[in-house]
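Below you'll find the structures, each written out as structure tokens.
You will see chain A twice below: alongside chain B first, and alongside chain C after that.
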Partner chain A sequence: MNPSVDRIRSRFPSAFLRAEVIWGETTVYVKPEAVHDIVRYLHDDESEQYDYLSDVTAVEYRDLELPLQVVWHLRSLPYRRFLRLKGEIQKGEPLRVPSVYSIYAGADWLERECYDMFGIEFVGHPDLRRILMWEQYAEGFPLRKDFPLRGRFSRSEQLRQALAAQPESRYSMTELTVADAFEDLPLDMRQRLAGGEKTGE
Partner chain B sequence: MSEKRTVEVSLSTSGLDAEGRPQRTPLIVDEGGRVTTMEAPPLLEPELEGEHMLINLGPQHPATHGVLRLVLELDGETVVRCIPHVGYLHCGFEKIGEYRQYNQIIPWTDREDYLNSPGNNVAFALGAERLFGIEITERCTVLRVIAMELSRIMSHLVWLGTTCIDIGAFTPFLWSFQERERIYTLLEQWTGARLTTSLTRVGGMLADIPDGWMDGLRDFTRTFPKTIAEVDRMVTRNGIWVGRTIGIGALSGAEALNCGLSGPMLRASGVAYDVRRDFPYLDYETYDFEVPVGTTGDVYDRFLVRMEELRQSVRILEQAAARLPDGPVNVDDARVILPPKSKATSEMESMIHHFKQVMEGPRPPIGETYVAVESPKGEKGYYFVSDGTPKPVRWRIRPPSYVNLSAIPRMVEGHLLSDVIAINASIDIVMGEIDR
Partner chain C sequence: MGLTARPDHQLVTVSPQSQEGWVATRLDFLVNWGRANSLWPMPFGTACCAIEFMATAASKYDLARFGMERMSFSPRQADVLICAGRVPFKLAPVIRRIWQQMLQPKWCISMGACASSGGMFDNYAVVQGIDTIIPVDVYVPGCPPRPEGLIYGIMMLQEKVKRERMSDERLRDEMEPDPTSKLYIPPHAIDELSEPFGNSVHQTRSGL
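For the complex of A and B:
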């Protein structure tokens, strides 16, 4: 078992839930709200030095009674260690975990993808938008188990939405903060944006 | 006083006028005797100076290497801000994987990082085998090393050729694609396919190598270093190349590590993290090879690191070819391996076994595993979660070029628009893997 497990247990006794080893890989289950502090410790402490974030993802089981799990894969390159952190979100609770963006800049797109696919809100992420799906995507979160393989909408509805997309709304609101780019837009689009409508990607 | 003349222009204009005569373009000769074909462009309006401009690069632009879209805010020609947009190629591989048996997912792995198909197949099979608890045979291990290194060379050759074209050198593109063609021929002999190889199965390979295949491989490893040397001589000390790449898009080692970069991108910044050496798989610890690192992390260093990786891959291929043992390719494990076709058509038990394997699929135990390999782009990980059914609950691809690309705003901001092309090329992205 990874030697970091005992140190996590002694430092975060209230957040540590359990640890297990499967196929030589150590998994530590922790309370999701404490993940930021634990990862901060794992990243900064001299005897841990988990300096590389491999992956951030989530798992939802087919048995919908089981909690949804958010998974962080961490590596310590100096010590050549690998650790899997898991936070479980029980059914009915809001899908909300702390972001580790302030510790690893590489978490940026990984957390955005996890939000895009599962709808998990990473609190503290500066720019949590959809990334693989487009911004007005209205069918939900594709990797959730209640999402059908072919999508929620019928083919005709999907086609209708694609045809109804505004081709001139190419820029998102963050890009429109460029000075005067707003003034260059067509009049009807300016009116719609002034009315609070979100533009497409 | 100015005199107007009319001449036929055959090269620059293609059109015919309404009567079918070649189009005539008026030439203007001014007092100084200068000839212009068009009205001089109006002077820039003075109030435009100092304002920022928004440029949309892609998604259908040859230099973005796929359907990547970059929205660039420019001050003159300098990039002030870069907003990347991805997802144009998203097809939900991970979702589809939840509806497929393990062996049925292997063709999908061909199509994500499609320049590295054999490498993806091997990585997937390694992950699935750890989930099943299977030890593969010695011959299979060495064959997989050969497949991984061949696909690394293949991917780096595409990177080399397209990057050379982006920066303005055409010849290395032809040389590298010629060599890549030889690898494709080898793969075609082995698997029957060139791009979508589907080389592995859980517990073994699609097939053993055909007779005489190793001679082709030895021929390749003998002659390929000559091509590397030629490209090296042509490019490495080329003034234009050096001028376009040195000091461009540099990231420090600490920053690159924090951004989650991996592969040649990380090693060019001086961090010697190579999954093959640090977290070995397929007995890579028994092979003799170097992990090249750069110092400054600019585009030039990334080029040097990848060139050295080509040479190191040839070394590994030579060692693997020398040690390839005889023996079976597939494990002797009826849980995952199909019975021979001749038995399946003649014996009742084998036929039932074959039928159940194909229709239901092998069942792994309940568990989960994350297996990472060193793909040409960096750390490629497959994360499997199984609930004991023949289809995974979750199949996650950790895409190296997705994470590498996420650092592009840090790299391009402050550089010129033309450097964006060089930096983007140096990341070595494959949109199939980024969007999945």
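For the complex of A and C:
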């Protein structure tokens, strides 16, 4: 078992739930609200040095009772360790977990994708919006189990909405040589871009 | 999609006066010969079909034999839009914009099952056939089609180009759906007709 598990257990006794090893990979179940502190410790501490966040994702089971799991994959390059953190959100609870963006800047798009597909709100993420689906996508969160495979709208309505989208409106102003798509953007995007935001898709 | 009927257009008029002259038919032949043998493709490759398309363009299958070695990555200098691969809804406005940017005369080849019908991707993200967005001249079946299949489709398109006649008034008509036409089917009727179609009737189920 990964030696980090015992240190997490002793340092965060109230947040630590259980740990298991499957196929040589260690998974630690923790309370989701403590994830930011635990990841901060794992990233900063000299004896851990988990300096690489390889993935943030979520798992929902086709089951009425099993909770939805948010998963963080951490890797320590100096110690060559892999650790999987899981936070469980019970059915009916608000899908809200802390963001680790302040620790790993690379969590930016990972958390946006997780929000886009599952609707999980990452508290503390500076720019939480859709990344794979377009911003005006109104059918919901596609990887949730209550989402029908073909989407909620009819095919013709989906096509109508997709064709109504402005391809230019997906890019930031710096990516557009011609900024004349500005007026076509949604209001919140215009406000963000007017504030000098540089990150686009 | 209902087609706009043109009131001044008579469907069948074969009379000696309307027969084309020798010059017109020869000019047609010359123009079509030139066009058919220099179709510049606009490659719109989104998936594995694009790999087969690249193989077709490479030395073994050698698309240059058909005058198509010049891949035109600017739609304004392209003749054939070859859509190779699935088109997600996010790309739907993009491919329509590219089609609108291409100059007449222009043609479209839908390469592979996904571009032609959505293929196995009968889901929330994929357009169910690019002919719901842009007009298609040749559909190439396959998943993905072999280079021979694509070349066969290209040769079919060449035959189509060679049969074009400048005297055809409706040759370059671009028609929009016309709700007043008798052929028009409203979207909700199409949805009702197409609902159970697909790989599995259970796909639309929702919930646990």
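Observations, loosely collected:
Definition applied: the second predicted complex is superposed on the first by the 161 of 201 C-alpha atoms of A that agree within 3 Å, B and C clash if a C-alpha of one lies under 4 Å from a C-alpha of the other, contacts with A are read in each partner's own complex, and residues count from 1 in each chain.
In the analysis below, a contact is a pair of C-beta atoms (placed from the backbone, for glycine too) under 8 Å apart; a residue touches a chain by one contact, two chains touch by 3 or more.
Note that the structure is predicted; figures quoted are calculated from it, not measured.
In the superposed model, A:Asp146 makes contact with chain C only, not with chain B.
Measured by the number of chain A residues touched, the leading partner among chain B and chain C is B.
Of the two partner chains, chain B is the only one that A:Glu25 touches; chain C does not reach it. In the overlay built on the shared chain, the residue A:Arg84 is in contact with chain B alone; chain C does not reach it. Legend: residue contacts after superposition of the two complexes on their common chain; A:Arg155 is shown touching chain C, with no touch to chain B. Of the two partner chains placed by the overlay, only chain C lies in contact with A:Leu163; chain B stays clear of it.
Using the contact criterion defined above for the overlaid structures, shared-chain residue A:Leu17 touches neither chain B nor chain C, since it reaches no partner. By the touch criterion defined above, A:Arg62 reaches both chain B and chain C.
Chain A residues in contact with chain B (one complex) as well as with chain C (other complex) are 62-63, 132-134, 142, 147, 149.
By the touch rule above, chain A contacts chain C in their complex via residues 62-64, 132-134, 139, 142, 145-151, 154-167.
Across the complex, chain A is touched by residues 89-90, 92-94, 96-97, 122-125, 127-128, 132-133, 187-188, 190-191, 194, 198, 203-208 of chain C.
Within the complex, the chain B residues that touch chain A are 51-52, 54, 56, 71, 73, 83, 85-87, 90, 92, 94-96, 99, 130-131, 133, 255, 257-261, 271, 273, 278-279, 367-370, 372, 379, 381, 383, 385, 387, 389, 393-394, 396, 398, 402-403, 405-407, 435-436. On the chain A side of its complex with chain B, the touching residues are 22-23, 25, 27, 51-55, 57, 59-63, 71, 73, 75, 77, 80, 82, 84, 104-110, 113, 117, 130-134, 142-143, 147, 149, 170-172, 174-175, 178-181, 201.
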